[in-house]
Amino acid sequence: MIEKVNTIIKEIEEKIIGYRRDFHRYAESGWTEFRTASLVARRLTDLGYEVMIGKEVMKDEDRMGLPDEESLEKNWQRAKEQGGDIHFLDSVKNGFTGVVSILKNGEGPIIGLRFDMDALDIQEDLTDNHRPYHKGFASVNGNVMHACGHDGHTATGLGIAEILMTIKNEIKGTVKLIFQPAEEGVMGAKSMVTAGVVDDIDFLLGHHVMSGWKLGEIIPGMGNYAATQKFDVTFTGKPAHAGGSPEKGNNAMLSASTAVLNLYAIPRHSQGYTRINVGKLNAGTGRNVICSEAHLLIETRGETTELNDYMYEKALTVLKASAKMYDCKLEIKEMGGAQNANSDIELSNRIEKVANKISGFTFFPSRKGGGSEDITYMMKRVQDNGGLAANVGIGADLNGISINDKNRDAVLGAHTSVFDFDEKAITVAIRLLTLIVFDIMKE
Amino acid sequence: MIEKVNTIIKEIEEKIIGYRRDFHRYAESGWTEFRTASLVARRLTDLGYEVMIGKEVMKDEDRMGLPDEESLEKNWQRAKEQGGDIHFLDSVKNGFTGVVSILKNGEGPIIGLRFDMDALDIQEDLTDNHRPYHKGFASVNGNVMHACGHDGHTATGLGIAEILMTIKNEIKGTVKLIFQPAEEGVMGAKSMVTAGVVDDIDFLLGHHVMSGWKLGEIIPGMGNYAATQKFDVTFTGKPAHAGGSPEKGNNAMLSASTAVLNLYAIPRHSQGYTRINVGKLNAGTGRNVICSEAHLLIETRGETTELNDYMYEKALTVLKASAKMYDCKLEIKEMGGAQNANSDIELSNRIEKVANKISGFTFFPSRKGGGSEDITYMMKRVQDNGGLAANVGIGADLNGISINDKNRDAVLGAHTSVFDFDEKAITVAIRLLTLIVFDIMKE
Amino acid sequence: MIEKVNTIIKEIEEKIIGYRRDFHRYAESGWTEFRTASLVARRLTDLGYEVMIGKEVMKDEDRMGLPDEESLEKNWQRAKEQGGDIHFLDSVKNGFTGVVSILKNGEGPIIGLRFDMDALDIQEDLTDNHRPYHKGFASVNGNVMHACGHDGHTATGLGIAEILMTIKNEIKGTVKLIFQPAEEGVMGAKSMVTAGVVDDIDFLLGHHVMSGWKLGEIIPGMGNYAATQKFDVTFTGKPAHAGGSPEKGNNAMLSASTAVLNLYAIPRHSQGYTRINVGKLNAGTGRNVICSEAHLLIETRGETTELNDYMYEKALTVLKASAKMYDCKLEIKEMGGAQNANSDIELSNRIEKVANKISGFTFFPSRKGGGSEDITYMMKRVQDNGGLAANVGIGADLNGISINDKNRDAVLGAHTSVFDFDEKAITVAIRLLTLIVFDIMKE
Amino acid sequence: MIEKVNTIIKEIEEKIIGYRRDFHRYAESGWTEFRTASLVARRLTDLGYEVMIGKEVMKDEDRMGLPDEESLEKNWQRAKEQGGDIHFLDSVKNGFTGVVSILKNGEGPIIGLRFDMDALDIQEDLTDNHRPYHKGFASVNGNVMHACGHDGHTATGLGIAEILMTIKNEIKGTVKLIFQPAEEGVMGAKSMVTAGVVDDIDFLLGHHVMSGWKLGEIIPGMGNYAATQKFDVTFTGKPAHAGGSPEKGNNAMLSASTAVLNLYAIPRHSQGYTRINVGKLNAGTGRNVICSEAHLLIETRGETTELNDYMYEKALTVLKASAKMYDCKLEIKEMGGAQNANSDIELSNRIEKVANKISGFTFFPSRKGGGSEDITYMMKRVQDNGGLAANVGIGADLNGISINDKNRDAVLGAHTSVFDFDEKAITVAIRLLTLIVFDIMKE
């Protein structure tokens, strides 16, 4: 099977990398992956997949951090102009940019593969030092850039889809290909999970290109992602003339300031690390007006989901009391969230075994601490249902930036204007993930 | 009538001053005027008055700032040992130390005269420089002293009672003599007002000896008393080991600290001056325990009753929110209060006219700003019912302390361990108040 | 002399009103009165005055609330395009828009007359209901409008200049005509005062058209202006990743929040009313970054200059401590300020006497409380030097808005997009002020 | 040697347990171990040791948490009455209650053994259920009790002293026996360390009886003690009448409240756990007085010494700024402190080897997290100088309290009124420690 897969990959490699560059060129950020999602749906359909899209695979009210309607509309129009698939564009309108396709061949395990599609709000480097610009596929959309490799993930998904369709008869069971929007800001996964997309899955696989790792290096099961909650808060009070009748105001800035101090003062927890940050606070209008509105951008984190929940609960208590302190109205809007989750060791070991059969991979254990990933929502759900889940790191180099060994713990260069990776990592990912699927489903 | 009153006064003067010294010697502080009140009731009864006492003239739950039961019991025992009237001691038990007596002669105006009876928690000066000690009537009760002249007020009340009974047939109407406990800390008046004691009164008269004014100087209508509310607050949280499980505590000290900052930050009011003070804060037990209890002593003030109410309402809002911020229980106990009130000009003018007939008094207009007096509760009620009220300042010198003109605005020496006044002020007060009563009731 | 003045006024009236409409049409806000000031200087020069302008009459560093250089440059270019005087435009560049001219005839008192020239950042009403639009002189500069009558004041100044030059030989002494920029936001007067412009003045006169007063009504000496200080504050800390290394940040938002709470908690003052307001607070960049910069817009007020100084001093103490609390750098920029000042009664009486000779004026006493005016800086300086000062209110009606008597205490309609006044108030002001000057200098 | 040691132990066992009961009966808390220390010095002298005591082995100003002079004097008198050694009592006056004795036999390693002597401020259980009471050696000093076993440690020290003197010629090198005061509250070790007591030591040994462990169980090297700093803070402001002139006060309660909020808000640290607690806050005098003094009891903790230092530094910054905020004076008094330290594995292994030779001990690895011990100051110093250190846990049962396996991680019953332990643990400790000394010095 390794040979067969290798052969197909060789055939489709150029096309797949073309896909990646196309997605890169027309980068779309979270909830506006209209062109990307519509083209994914189109290609899956053309390969013979049945496609579920938009509201079929997403719960409306769980889409966290959704942009305003004007921005959704403007970007949808752009997608149309930039060659989005006319048919599927209708289905993804208003930020319903999730796509799922299913391949079924008899009874057998149900495997889910998740690919994220969104770019970041970053202006791409437009100098010849930057390979994507030099090669002519830098983002044409201002202030939007694939600076985290999700363009590669999406292309990988399409490559796997093509191979699996080819070897369809040699596997038993069901494969679900899940193309998720809005991973950045950990906004998108929840709405697909609550829509039930992963409820029947026995094995869940995700992957991420690692710009800090060399090509050939593999982290078979990443984990220790921090649980996090991201939310926006508005205190609404009542304005008054600060000189003439200060007593008539309900001072939202005093509510906000009281909240800030007390949020940071939430007790440390004995069971592990916790975090809280008020990253942004905008309050008030004019110098001589009692402030009547204050907006805060907040996030909590926890070493585990429980610790994050502790922080979030305490934060809500503080915010409610701070609002009451000055008779202000309180509005809280969830903007993103992730769980703490770990790859299952059993599945990681299996992945390592499969990888070993292919070629000279080097393996690294799971990284500790640090960032968040919203595939954790999916992993948790699958694990809670008795299934296994793993998120695989695929060494991808970082072209143009020298990496020393000390820093390899960081996804070097990710989220910067000069991010890039070796496109061979795409074929590595296609080969590895396809063979893991085959390993599980051949039984 | 002036002649007649003068004659009686000459006869009773020595006795009345003896009463004053007796009250001074056995000084009793707020709500523990057991001996004083029982002897007042005894003497009024002996004069032929019908006496109402204790629960008949006081509303239980409106007695603010009541001491604990143990302290009430201990002081009641002391009153018994120091010669309180056995019969009436029973009626004043547990802090029901108000006394009212009524003189009625046909139809006519109803006049109320109010006398306060309580001493202060001050250790009296026990040196020969201090006249009361030198003359042998310094307080024998440790840390309790008549340092504000209420002993004189009570004696004055008994003097007036005796004269009025003598001239009873020459006046028409009703006189209510009101002996009030616990004026210091503005704790006592409210309970007599809510018991209805002043509800039927047409003219209310109070008086205060003024140690900063010379004998013969009169303030016919004092006013501009600040409205105030005094209250104690307890936050009750949950203790926890600060090192082992800080997250398990509900930190009452954080509630208290948040409250303190936000109480002082209550907006200034455009309609007049406002004040707030947290005078005392005790919180916590051990260094390594999350604080589970915090006690605060607070007071608000306002130039008017409305402004004080504004401060008190805002303070309650802050306190409630501060409690919720850390899931603490909140308890608030009213400890004292006074209204803003002014003497009616019409009545003040009448007082000035009566005074002018007697002798060469010097008159001073009402003082501005400053302290609080809880006769204001009575004045407000009478004025709200359409009656007139005035509180009269009686110049009384301050023996032993030289007074310069700059400081006469202050009741010099009041509330200090060397306070004293010229006892002739007692006869001045008896004469003036009796003749005002006669002036009103002879019609 | 009244006759003579009346005759001249009749001759120049149309021209002066033309000036006013021209200033209105090309409204310029504080520190950008380039066109206005250059034309004032041109006309004064043409009348035969010696003109001092720009840095000659302004202290650079005391120009509070100066816009940024780009804005100054842009508006200067606009002034050039809109017909500013080429010669004088050079002198007022970069916000040096003050003009002073002197008329001297032998020895005698030195009189200063102050006129303010700036408009407000308000979009003028552009409908036919609004007289200036209907008559074709509404502001052509977007979001800038003479909504407080300073266009009229400037025109009045030019009218007075013309008459005084004509009657020059009949007066003895010196007249200083002071055209001040940036009165709105109380930003401009200080820089002319510290440049010494009013140091030698014996009598200072200012005036303001009062849209809430009827034509013919006069307030001979306004006062009780609140002292105020307006200032911007920046806390600069150090950013850090809120999840990865929160301990590395210096949190400017915590400094700002601590400051806000403690600023509002500055103790109330027993000697009069005080105010403080933090009108605006912007802090932070991204949700997951420890906030490294916070900007606050603050103002203090006081019933007197001393009370305002008390608030400002306390505010500085709080701000410095709040910065240190989180190792932040603190920057404070004064943006405006005014003193508490009162018109001298002696001078007000004289004004009333002069006014009485002219015709049937109605007089109103000084208004209480309320806003601030930065002529107070000049008044204080003159008064401190032993001179007399008065600011005169000139009833001016408010066309198009019905005024009820209750609201006449407010300068009705001022600072709104529909502000207007009866232009006859300009001739009233010219006549009255000229005759007061004559009354003082004829001696 | 084991045999020899066993033999001596059998001879002295009863005497040593007698010592322990004597110390228990006359329990003395931190810095007042006058009787205990003087008797220790007496017995060591009688054994032939040269004794250094008081100021010879303690740095005056590093004695943290010292009681006031009155209390020191009172307890010294008690020690005298209860049979303290007259000669040595003079040397330990005023809280200089440390004792060191030295045994030197030629060149060789220098070993230090540390024993703590202080009791706790706890009222001992005086019922027959409590063995020490039943046996007649419960503490006769009210509210002072050996509830942590230091009486046993001191007795162990005397036992070892006797044996070592006996086998003196069979060992080579120097033994320092260090009897330390005030371990509770982690107050005493620092003053002996800074006096240089452990500067020349190659091997440092401490031990603690473990009431939660069975007799025969041993923890050869305890560690992971939390670093901690305990300190008292006073803000001194200026009082003022809260109604009459609030602006004249410097409000220490506002300083304290601002400090409390910001202390708890000190950023979490990414490198490990940190703690802060304000356990107690007392502020203010009367309700109507601006608070002029506030006292706080604070402690910081950290997983490592560096983390604790971080917390302490930040706390100082917050406290200084809070004082300046209201022009208050700040006083900080260090009341206790401990470092984070671990037993050296090399030494722990050696201890295990020695123990194994003796009999059937069961070994437990070091405990994690939890409390603090100030032997850490000594361990750190020795380790920093290139020496080795270990603190040994000696299973001691807890008579009368049933121990389940889950809770054995806690020193069960310690710091309670019913604490007790099996006195056989004393002979276990003597035997083990003596043989470790021999093992090291015989070489």
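Per-chain residue numbering starts at 1, and chain names A, B, C and D are given in the order in which the chains are listed.
Here is the rule we go by: contacts are C-beta pairs under 8 Å (C-beta built on N, C-alpha and C of every residue); 3 or more make two chains touch, one makes a residue touch a chain.
All of these numbers come straight from a predicted model, not from anything done at the bench.
Set against the Cα centre of chain C, the chain with the most distant centre is D. Set side by side, A-D and B-D show the greater C-beta contact count at B-D.
Distance between chain centres (mean CA atoms), chain A to chain B: 71 Å. Put simply, the C-alpha centre of chain B and that of chain D have 55 angstrom between them. Between the CA-based centres of chain A and chain D the separation comes to 53 Å, rounded to the whole angstrom. In chain C, the residues touching two or more other chains are 244, 246, 251, 254, 258, 261-262, 264-265, 267-268, 270, 275, 290. For chain C in complex with chain A, the residues that touch the partner chain are 226, 228, 230, 242-244, 246, 251, 253-254, 256-258, 260-261, 264, 275, 277-291, 294, 297-299, 301, 335, 370-371. Partner chain D is touched in their complex by these residues of chain A: 261-262, 264-265, 267-268, 270, 273-275. On the side of chain A, the complex with chain B involves touching residues 244-247, 249, 251, 254, 258, 261-262, 265, 267-271, 290, 310, 317-318, 320-322, 324-327.
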